[in-house]
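The structure under discussion appears below in the form of structure tokens.
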Amino acid sequence: MSAFPIDEIVSSLRQVRNEWRSAQQRVAGGERQLPSRAAVDEVVESLIGALFPMRLGPAHLREEGEDFYVAHTIDQALRQLQEQAVQELRHVRRLDAVTPAELRADAEQRIREFALQLPAIRALLDTDVMAAYQGDPAAQSVDEVLLCYPGVTAMIHHRIAHPLYRLGLSLLARMVAERAHAQTGIDIHPGATIGAGFFMDHGTGIVIGETAVIGQHVRLYQQVTLGAKRFPIDENGHPQKGLPRHPVVEDDVVIYAGATILGRVTIGKGATIGGNVWVTDDVLPGASVTQASLQKNRGSRPGDC
Amino acid sequence: MSAFPIDEIVSSLRQVRNEWRSAQQRVAGGERQLPSRAAVDEVVESLIGALFPMRLGPAHLREEGEDFYVAHTIDQALRQLQEQAVQELRHVRRLDAVTPAELRADAEQRIREFALQLPAIRALLDTDVMAAYQGDPAAQSVDEVLLCYPGVTAMIHHRIAHPLYRLGLSLLARMVAERAHAQTGIDIHPGATIGAGFFMDHGTGIVIGETAVIGQHVRLYQQVTLGAKRFPIDENGHPQKGLPRHPVVEDDVVIYAGATILGRVTIGKGATIGGNVWVTDDVLPGASVTQASLQKNRGSRPGDC
Amino acid sequence: MSAFPIDEIVSSLRQVRNEWRSAQQRVAGGERQLPSRAAVDEVVESLIGALFPMRLGPAHLREEGEDFYVAHTIDQALRQLQEQAVQELRHVRRLDAVTPAELRADAEQRIREFALQLPAIRALLDTDVMAAYQGDPAAQSVDEVLLCYPGVTAMIHHRIAHPLYRLGLSLLARMVAERAHAQTGIDIHPGATIGAGFFMDHGTGIVIGETAVIGQHVRLYQQVTLGAKRFPIDENGHPQKGLPRHPVVEDDVVIYAGATILGRVTIGKGATIGGNVWVTDDVLPGASVTQASLQKNRGSRPGDC
Amino acid sequence: MSAFPIDEIVSSLRQVRNEWRSAQQRVAGGERQLPSRAAVDEVVESLIGALFPMRLGPAHLREEGEDFYVAHTIDQALRQLQEQAVQELRHVRRLDAVTPAELRADAEQRIREFALQLPAIRALLDTDVMAAYQGDPAAQSVDEVLLCYPGVTAMIHHRIAHPLYRLGLSLLARMVAERAHAQTGIDIHPGATIGAGFFMDHGTGIVIGETAVIGQHVRLYQQVTLGAKRFPIDENGHPQKGLPRHPVVEDDVVIYAGATILGRVTIGKGATIGGNVWVTDDVLPGASVTQASLQKNRGSRPGDC
Amino acid sequence: MSAFPIDEIVSSLRQVRNEWRSAQQRVAGGERQLPSRAAVDEVVESLIGALFPMRLGPAHLREEGEDFYVAHTIDQALRQLQEQAVQELRHVRRLDAVTPAELRADAEQRIREFALQLPAIRALLDTDVMAAYQGDPAAQSVDEVLLCYPGVTAMIHHRIAHPLYRLGLSLLARMVAERAHAQTGIDIHPGATIGAGFFMDHGTGIVIGETAVIGQHVRLYQQVTLGAKRFPIDENGHPQKGLPRHPVVEDDVVIYAGATILGRVTIGKGATIGGNVWVTDDVLPGASVTQASLQKNRGSRPGDC
Amino acid sequence: MSAFPIDEIVSSLRQVRNEWRSAQQRVAGGERQLPSRAAVDEVVESLIGALFPMRLGPAHLREEGEDFYVAHTIDQALRQLQEQAVQELRHVRRLDAVTPAELRADAEQRIREFALQLPAIRALLDTDVMAAYQGDPAAQSVDEVLLCYPGVTAMIHHRIAHPLYRLGLSLLARMVAERAHAQTGIDIHPGATIGAGFFMDHGTGIVIGETAVIGQHVRLYQQVTLGAKRFPIDENGHPQKGLPRHPVVEDDVVIYAGATILGRVTIGKGATIGGNVWVTDDVLPGASVTQASLQKNRGSRPGDC
């Protein structure tokens, strides 16, 4: 006899699962109907290799074989991504009348559009790498930046996740984003819109919300939050969804470590936000905001959220 | 001859090890006497699969095979956990007169009690998933929450680690907790008591101390600290152990990003703690504390620790 | 025909790569010329095992076989590290006239010097473990500290990375450091100089800059930044490199969570820096700085960076 | 440019493939439509473990957990086997009008019947193990026999393959049989009917044909062939399929190394066939056939095929 | 102290190695200078996949992605094969004055010629598959033959090994051949010349010697040997190398199980060799040789070697 | 509900297992008490690497690191082998009164004696490699022989297995031997005594019995059997164990393919046995035996067993 009452535990666990499923009005299905983390990991690794074959691809690749590698790798990765998209779409629409063939065609169409953006993704990432190289005096080469900087790792993920989000695959997009979050401590919602040449130094603790809009050549330090204030409530007391609720950050802004910017405010072109300040109002282009300036100029305290 | 003076380095390393062992009054043993990280990882992965078989278990599992999977998986995982518990108990009691059979029986007894709590753990985690789904306007389904949210990942680990801690297996509990810390940047001491429906949004940088007590339906944002003030010192100048030294957070409290609450204070039911505030005193039920309110109402400065 | 226009995407990706390479003035090479993350991971894992064979080495090792394990492991690891050093040196000097044999000899010389420091690295790490054990009332044994504490994990990496940095292998050093950063959320630049008995509690979000100098028996809590103020600019408007720009922290200093210390200031021996304070000036030995004290004594606001 | 004319080779390979496909009248399909070797390997490994859990199952299994292991393992293995059966059935019937659901139900029905035979398979294998133990003076325990004897390994495979063959899954059956062939050099067609207590000593080079019928307690040595004579030809000059064309070997027969028995002859109960003899006629029960006896008694030479 | 006298054993082993090396007049080298089995295995697996992508390639490949897969796979495999060829050529010529660059160019040239033969190899293998399908009444489809028949597995290896042998890479060729030998028990020397449509039924124990020449549409059964008689000796008593010493087997010959044909004899077109016969003389076209006929017609005994 | 009646099958399988166990008079144990194939495989791979570090050891080993590799490898392998020996000894003596500590000491003693023979094993294997190189005109280097020849692979295993057999670990010895059997088709009982310079060409199908004694510089071709005649029977009708029942083959003998030698006969020094002959009597030193000579000289037929 087992030292542990396995049968009893199995039976209690089944009961708890059944309560959950019944509360969720799940019909007893057979197969799993969710994208798989492992599959998403594989797809992302493949896409990263295909985007930067000689630096983040397989160790033994040679330049003359790049195109063969890239072609095979994206062929496989897109196919696998399409399968995961089918899982997500089936999950989302599970009460609708959609045939498997329709689901499949729908997924294929979305992934095709995603695929066509890959060259643009690479071009954008090159600007991010360049921004990191130029923005950090300690950076010794563009390749070091690509290999080592967590901010760059996070952006590779975000620039893959964002088009997926826009193509209606928000669960897959989220899985890609959380992969970066776990690796880097940088939490960018895949819905955020981020311009070219974006650089996050150190990065740990940065949070960027779903409706944030960031211009070109913006620089952020660790523990910066671009968040929402309390959510607007509709007449039924529910949070209103889909409203723009995160900051707009215009071109050439620099935001120092620990600064918190909340709500649909605009940080004007070229402004500088000092470390640890708390901003809930618009900032004029070119302005420089510090804790001291805040107190002096506005007569109010940061942190009134 | 080797390019590197291997023999010399080996010999110096041996000498340093010996110094350490002699300073630690270690007797030369034969085998390793510590739980293994790899084994703990395997146990945790197995338990996670057994708790959520169709969503976090093996990709090809089908609902009709769930119970077989759960039974075999927990049978193996509990056995392996028992072995690791033997390692911890032997390590802890290594100077005592305990026979291997007694150690084994002791470990078995503790793991049996742990095992019986698995269904309750699952039920609690369901409330956490629900809280995250309801608390985040961006959440699109309970499954997305379970799959993607680092706060939920951290709680799965905590709800496994906490019973181990209470059963006197604090090293194993700590190893489970640090696994979550590494993955999510959320640092919950396994000793912390946390009620149902707990939700941490974003999560990076959250720290919750050993004697913290958290009620039901509490919500925390990133970089919140529930910490200790300086430790009380006993007559010999040593920190007093085991005293309650972290906050009590009652039901329905919300604590915004970056807030720091230190010491055995009580945050009353339904209170709201604003972003970045520093709290070292009790907060009344229903109160709303912001940096501004702190200054106004209390005439004192946060941060006097 | 493929559902995805693979050929077209491959061709566009090639074009983007070519633009990047041409902008970077890369000559078309054949092989990859960068250290490999996987190889660095393997080297670090091997060195960690060799430094702490019975606690972080292979599970089945026995004390009587330690030296055999250590000898073989460092023999292989140093050889592999030398190969990665060749990659880095070739990358750095790729326009110079250096023969492969010279590169190889150069790398060998540097790795030999690194190797000879391994015993000292172990001895230093023993002091860090001891400091964590003594500094945290929750720590139950030195072995728990070594196995579980992210601050110790980060220091193991740093004490490997720092000598590599000093030996001119800054890319490899950075790769080692970022490995710790990803695992622990602690971001220590490999250039930072850190004395014996260093302890970081919780750790997430700590940032320590390249030219920081830290004495003995210093303790840091989570989210402490030892950073630079804005970089001094030379006559051409470029940041001046190599200048000391991060704090000097003398022996026995304690810095509480969230404190930010910027610029080449000195925190005097035995000083205490309170939580969340913002320091940009020297602090006297033995002083205790809190947000309140800052306001009172200096009449100025933190955060003027 | 690549050192190898990859594009040209790819294009020539495509042309050769197209010629083959067109010669085979294949319509261009999308997916692979064949069982996978890797999947069959996994299924067989699982079934072997489930049949002999404590001896050929996972190393850490304990007797009290056997049933949990067996239940989960066969649940997964049968499911996987069903999928492979769908592949085979689709392959076989690829020109027919069968819906996927019909294929699936058909496969399920066959695998269910297979599954119900597992206990009988184990019981038969126990008799084979016993026969080997009793038949070989060198055998020291029944467990040694199960672990080490290639003849037993081959029979485990055959006793799995034969029911699959009888259930119309002859491709899967063949894949199982060839797995044993590759491991042991013993080539038993899955169609062969073999009674209880069958023992093959040494085994290498044994060949047993599709329509062979072997009674109980038969013993064979290495390089014995139970083969067909030249195939009977039908009026169109094609080999006639499905006719019994291999020997019938009755109970208690012993056949020594290198003997060749060809055609639908009957070797009577208890007969002995000497080493290297060539038999193409019936042998009476109890008879002893050697090369000498053949010459003497029959005045003919072996080998007239 | 170790239970085993490791140091003593290591030292004795070193001494034995040194004796061997000194007897072999090896100069102490640094690195290994032999092709690696693991690398050859990988190359062969890749080539097999590239030759039969939809049947022996990766499970998830789809027809529309075949060319991408084939291109990338052979690009990598040929590169890896070239590296192994460098190892072999360096090994062979280790006393010559060959620069690394010359070795590399030599290897590249040979592998390029090999690569150009891949389409012809596939075309030949298609004839072998067809011959097996037509020659075995039990074969149910050409795909079963490709997937399951050890004779076909052996020919895939031989048709890869033979061109390598002809290009002077006989060690690599041998490694490929022995891979098939281990899997199938069929031992074909890579030097043997074998025409289209070759079929080996069952196969175990077949041996085909280095200078054997086999025509088209030849069929062999298990344990057939096409071997050499005793080697001709030159004036110094050494075996003469390079002389044709194995049989010539013309088109359409069938050789039954266990037959042994030795020396440079010719088996004429369309001849049949019976089971177990021993042939050391030419056989006329169309003749049928059995043990009986041998005795009758030639008055001599087989086996006089 | 599952498509397959899992519970019913599990229950029937349990019943069959119980019948077996009860017939075998097994007491219900907990853990597995048999050596593990996987562990034996690992040990053998390690020993092979330690015996031939630069040719069969890890690819990246360099000569200057050989001793470190060898020391660590045999330290681990011997330890693991000792554990497997404990399993075998416990299995063998399971009804005896042996304490775990006694078992452990017993195993240690045997493995220590085995370990001391490793250098002699290497020296013997060098003579086998040399014999193969000199005996096969096709062999191009001693390294090709070591890497490629199945006869050499089989001898590496035998020269490891034989001392284990002599030390009373016959189950482990058998597992090692069957590993070679599966890889090469060569079946050498670990009890066989084989002198230096032993060469098996091609090898498939060779069988060498437990009490065979083979001198120095003996050469065998494929499918040679050195077997037993029918076993002598004792008064109770059981085969008598332990009697010498296989041939003695003196120095310098050559035995051609397919020859069968049965019983405790002696093949005198320098004799030659022709292909396919059947020998059951002594052969004089220097004699040459062929099928023809057998008939002529002895008036008897082979095959009378």
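We call the chains A, B, C, D, E and F, going by the order they appear; numbering starts again at 1 in every chain.
As a working rule, a residue touches a chain if its C-beta (ideal position, glycine included) is under 8 Å from a C-beta of that chain, and two chains touch if they have at least 3 such contacts.
These numbers come from a predicted model, not from an experiment.
Asker: Hey, what chains does chain B share as contacts with chain E?
Answerer: A, C, D, F
Asker: Starting at chain D, figure out the least number of steps needed to reach chain E through touching chains.
Answerer: 1
Asker: What's the chain with its C-alpha centre farthest out from chain C?
Answerer: D
Asker: Compared with chain B, which chain's mean CA position is the farthest off?
Answerer: If we average the C-alpha coordinates per chain, E ends up farthest from chain B.
Asker: What's the rotation angle, in degrees and to the nearest 5, for a C-alpha fit of chain A onto chain B?
Answerer: The two chains, chain A and chain B, differ by a rotation of 120 degrees.
Asker: Using mean CA coordinates as chain centres, what's the gap between chain D and chain F in Å?
Answerer: Using C-alpha averages as centres, the distance is 26 Å.
Asker: From the mean C-alpha coordinate of chain A to that of chain D, what's the distance rounded to whole Å?
Answerer: Their C-alpha centroids are separated by 54 Å.
Asker: Can you list the residues of chain A that touch 2 or more other chains?
Answerer: Only 2-3, 6, 60, 62, 64-65, 68, 71, 75, 185, 204-205, 223, 258 qualify.
Asker: Applying that definition of touch, give me each pair of chains that meets it.
Answerer: The complete list of chain pairs in contact reads A-B, A-C, A-D, A-E, B-C, B-D, B-F, C-E, C-F, D-E, D-F, E-F.
Asker: So in the complex, the part of chain B that touches chain D is made up of which residues?
Answerer: So the residues of chain B in touch with chain D come to 60, 62, 65, 68-69, 71-73, 75-76, 79-80.
Asker: With touch defined as at the start, can you tell me which chain E residues reach chain F in the complex?
Answerer: Against chain F, the touching part of chain E is residues 2-10, 12-17, 19-20, 24, 28-32, 34-39, 91-92, 170-171, 174-175, 178, 181-182, 185, 187, 189, 191, 204-205, 207, 210, 223, 225, 227, 231, 239-241, 258, 260, 262, 278, 300-305.
Asker: Per the contact definition, I'd like the list of chain D residues that touch chain F in the complex.
Answerer: Touch residues, chain D against chain F: 50-51, 53-55, 59-64, 66-67, 70-71, 74-75, 78, 82, 108, 111-112, 115-116, 118-119, 122-123, 126, 137-138, 140-144, 147-150, 183-185, 202-205, 222-223, 256-258, 274-277, 290-292, 295.
Asker: Provide the residue numbers of chain B that touch chain F in the complex, in ascending order.
Answerer: Chain B reaches chain F through residues 1-3, 6, 64-65, 68.
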